[in-house]
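Here come two complexes built around chain A, the first alongside chain B, the second alongside chain C.
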Partner chain A sequence: MNLAAGVQIVSFVILAGMMLGAALGVVLLSNIVYSAFLLGLVFISISGLYILLNADFVAAAQVLIYVGAVNVLILFAIMLVNKQEEFYTIPKRWIRQGATGLVCVGIFALLGTMILITPWSKATTLPFSVVENTIIEIGKHFFSDFLLPFELASVLLLMAMVGAIIIARRDFIPESMARQETISTPLTLPERPRELASSTASED
Partner chain B sequence: MEIQLQYVLLLAAALFCIGIYGLITSRNAVRVLMSIELLLNAVNLNLMGFSNFLDPAEIKGQVFAIFVITVAAAEAAVGLAIILAIYRNRNTIDMEQFNLLKW
Partner chain C sequence: MNSGIDLQGSFIQSLKELGLPADLAKALWIPLPLFLMIIGATVGVLVSVWLERKISAAAQQRIGPEYAGPLGVLQPVADGLKLVFKEDVIPAKADKWLFTLGPVIVVIPVFVSYLIVPFGQNLVITDLNVGIFLWITLSSVTPIGLLMAGYASNNKYSLLGGLRAAAQSISYEIPLALSVLAIAMMSNSLSTIDIVEQQSGLGILGWNIWRQPLGFLIFWIAALAECERLPFDLPEAEEELVAGYQTEYAGMKFGLFYVGSYVNLVLSALVFAILYLGGWEFPIPLEGLASWLGVSETTSWLQVITASLGITMTLLKAYFLVFIAILLRWTLPRVRIDQLLNLGWKFLLPVSLVNLLVTAALKLTFPVAFGG
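Moving on, here comes the complex of A and B:
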């Protein structure tokens, strides 16, 4: 990014304000659908911050994965468990919330002082050592020194996919419906393949 | 006046604290997952700041951030599946009523 420093700092301030406001909205709003959409705004703001920090590929990946996949997944979950339930009031709940707020402000103060008093050995030789194309550099890292974590990530994604399908599958089917399905529609995928196979085997 | 490393780190710390507050105080289980996403994004912002300001020659922080994004996607999928399973069992998503293993 060869923008002027003023433009950089102004866009940083705008993106930071947008991100913090949307994050507060995610946590504090009572309507969960508004929270989900504000979460998308948080992700988009963070993607803009990544572009300011010379990370264009990760910004694109952030928009694709978080806004495109995770946020949509959360919206689907909200639709699937859409139950307008009134949470019963817990006595002394405000004490819990106040204590949590105090702890969080304390953590922020601790981290802030740590950040401000640490002498970061800043690399001042930015202009001639910055990488030109981040995609090529990330690809080199992926296929040379981060090859094993890269392959493990694919295995992890496969495991997460299979696990999510197994966990979220509907277990309960009435016996009559299951028996009907085995007879009438052989092309539909049964909900519980293992039990259905065993029952047909026992019938044979 | 340019963007310093401290600004990015302070911003990430603020986002992290907001995420922790939401993680502890929210009663809706889906909102807890959203707070975890906020925490992971704060960590990613930290990694990206370090990658840009301290290690601009070989950007290993961006590689780490991509791994964190991968793990976050897997975590969101499995977490939402767990919430769906709990909702079918208990017929509620109130975090205060998920106390089967508590006492």
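Moving on, here comes the complex of A and C:
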């Protein structure tokens, strides 16, 4: 084993341990701010794993999008919201928890089967060529065999942007929609009442 | 295209000749550029702190630091020593871990970004494919540290300062990235070396500043906002927020914020010089001059001269920009937070999108001048 391979194995172990530890912290810690900061650590460890796989652009994009945008936004939301809410029991709460559990188990099963049926041995035996410039390769794939997902993703982003502009400019939405939401069934999520949302939005 | 001076190759070669195995020689090389980077960045901070004090003094018709060393050049060292020896206070109700970690997270990405700053054809720590993208990526990590510091201080001014800093740096990252994208489109690469190479050959006429008259203004405004320099130093606006997220910090933890902001300023100036002012290129094309004089490109003394000239030119350009930033500080009044966000989202963002579109159109129409 030469120097490079040793460094690779050691950094893989460190990154994987850091990622698992931080991910457990996100779920198990009771302080939501710690969870949010640890989420950033999870994302950074994942980008480290991408670097180990020679995917430099993906690693940088991971940090830019997930740490720089998503995680900062989560922190922002946590720090701006200072809401004390009464905890009261919802009837038939187990339906909500069961649905969440079902989705989580489903995703886990799907990913597990994907890992099991992928022919990993091919990747190590095939004489794969070392990609010199990853960005050029990614660009080629985007405009050839991954054209449809690429275009769909851009349409999705456009939709999100239009939606954000509409929500930010409240004057497009008629005010008559205002009504008091009450938490009645286990499948409705608690929402802010409309008139409160519109009054804060018109301040800026 | 010549290989130029290869420091790494010759260092490893000379160690091998001493009888060391190749792996060990490589491992011995690795820490050297890292230390060089840290030392270079720190010296850059000292110089820019001194410049800031002297130029600010001149702008206000004072003399400025005078007694510490000739012309007061040792004043920043004295400042630094003072910060090191000050008591490290952690407020009683602050969150100890996050309070300590905040400044660290602010400083580390800024120092790491020096990896991609080239001072010559081979005088760069790593020539990454993602190059300039790494800088944008790393500068997007800083707001996390600011939010952390603001939250952990357990002080409303700190929290507001942290939130403002994060909002500001998210808003101005987009015009910054879009103006860098226009450059990347013209040079067909994100690598900083390729970006400078694409501007070389014509001397001062080939620099990107002529091709991106709109882009460089957007970049400069956005870079000042990212560095929290004065027209945009909302997060630490002293009339409103005491000192923003730095309010509760003392001693070396405050020093880290201080160092981080100046390193970031010098780094932004260096990146500006690379993207728009031709990096290490001399205003007169040196290669053309050498061939006109009949000196071969591979002559060793010529390579030494071009390398040292390259470092000098990069630093000169960067410190010229630092000078402009300091002058702007004493010339322009601070904007309000709503004006800041309006400028970022409603003016700079559309204008930088238009700049990108125009650059793409020009690239298709005049591929000779705009890097087809």
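We adopt the following convention: the second predicted complex is superposed on the first by the 114 of 204 C-alpha atoms of A that agree within 3 Å, B and C clash if a C-alpha of one lies under 4 Å from a C-alpha of the other, contacts with A are read in each partner's own complex, and residues count from 1 in each chain.
In this section, a contact is a pair of C-beta atoms (placed from the backbone, for glycine too) under 8 Å apart; a residue touches a chain by one contact, two chains touch by 3 or more.
Please read these numbers as outputs of a predicted model, since none were measured by experiment.
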Practice task
Considering only the touch criterion stated at the top, classify A:Ala69 as touching first (chain B), second (chain C), both, or neither.
Solution key: both
Exercise for the section: Could you look at A:Ala16 and tell me whether it touches chain B, chain C, both or neither (first, second, both, neither)? Expected result: first
Exercise for the section: Give the label of whichever partner, chain B or chain C, reaches more residues of chain A. Expected result: B
Exercise for the section: Have a look at where A:Val162 lands relative to chain B and chain C in the superposition and call it first, second, both or neither. Expected result: neither
Problem - First, second, both or neither for A:Cys104, with chain B first and chain C second - result: first
Exercise for the section: Return first, second, both or neither, reflecting whether A:Gly40 touches chain B, chain C, both chains, or no partner chain. Expected result: second
Practice task
Check the residue A:Leu80 against both partner chains and state whether it touches chain B (first), chain C (second), both, or neither.
Solution key: both
Problem - Contacts of A:Leu147 with chain B and chain C, given as first, second, both or neither - result: neither
Practice task
Could you tell me if A:Thr134 is touching chain B, chain C, both of them or neither one (first, second, both, neither)?
Solution key: both
Practice task
Applying the touch criterion given at the start, work out whether A:Phe57 contacts chain B, chain C, both or neither, answering first, second, both or neither.
Solution key: both
Handout entry: Common interface residues of chain A - those touching chain B in one complex and chain C in the other
Key = 57, 61, 69, 76, 80, 134
Handout entry: Footprint of chain C on chain A - complex, ascending
Key = 2-3, 33, 37, 40, 56-57, 60-61, 63-64, 67-69, 71-72, 75-76, 79-80, 133-135, 204
Practice task
Report the residues of chain B in contact with chain A in the complex, numbered from low to high.
Solution key: 1-3, 5-11, 13-22, 24-31, 33-35, 37-38, 41, 44-45, 48-49, 51-60, 62-63, 65-67, 69-78, 80-85, 87-88, 91-94, 96
Practice task
State the interface residues of chain A toward chain B in the complex, per the touch definition above.
Solution key: 5-6, 8-9, 12, 16, 19-20, 23-24, 26-27, 32, 35-36, 39, 42-43, 46, 49-50, 52-55, 57-58, 61-62, 65-66, 69-70, 73-74, 76-78, 80-81, 83, 85, 87, 90, 96-97, 100-101, 103-105, 107-108, 111-112, 115-116, 120-123, 126, 129-131, 134, 137-138, 141-142, 146, 149, 153, 156-157, 159-161, 163-165, 167-168, 170, 172
Exercise for the section: Using the touch definition up top, name the residues of chain C that touch chain A in the complex. Expected result: 23, 26-27, 98, 128-130, 133-134, 136-138, 140-141, 143-144, 147-148, 150-151, 159, 162-163, 166-167, 170, 173, 190, 338
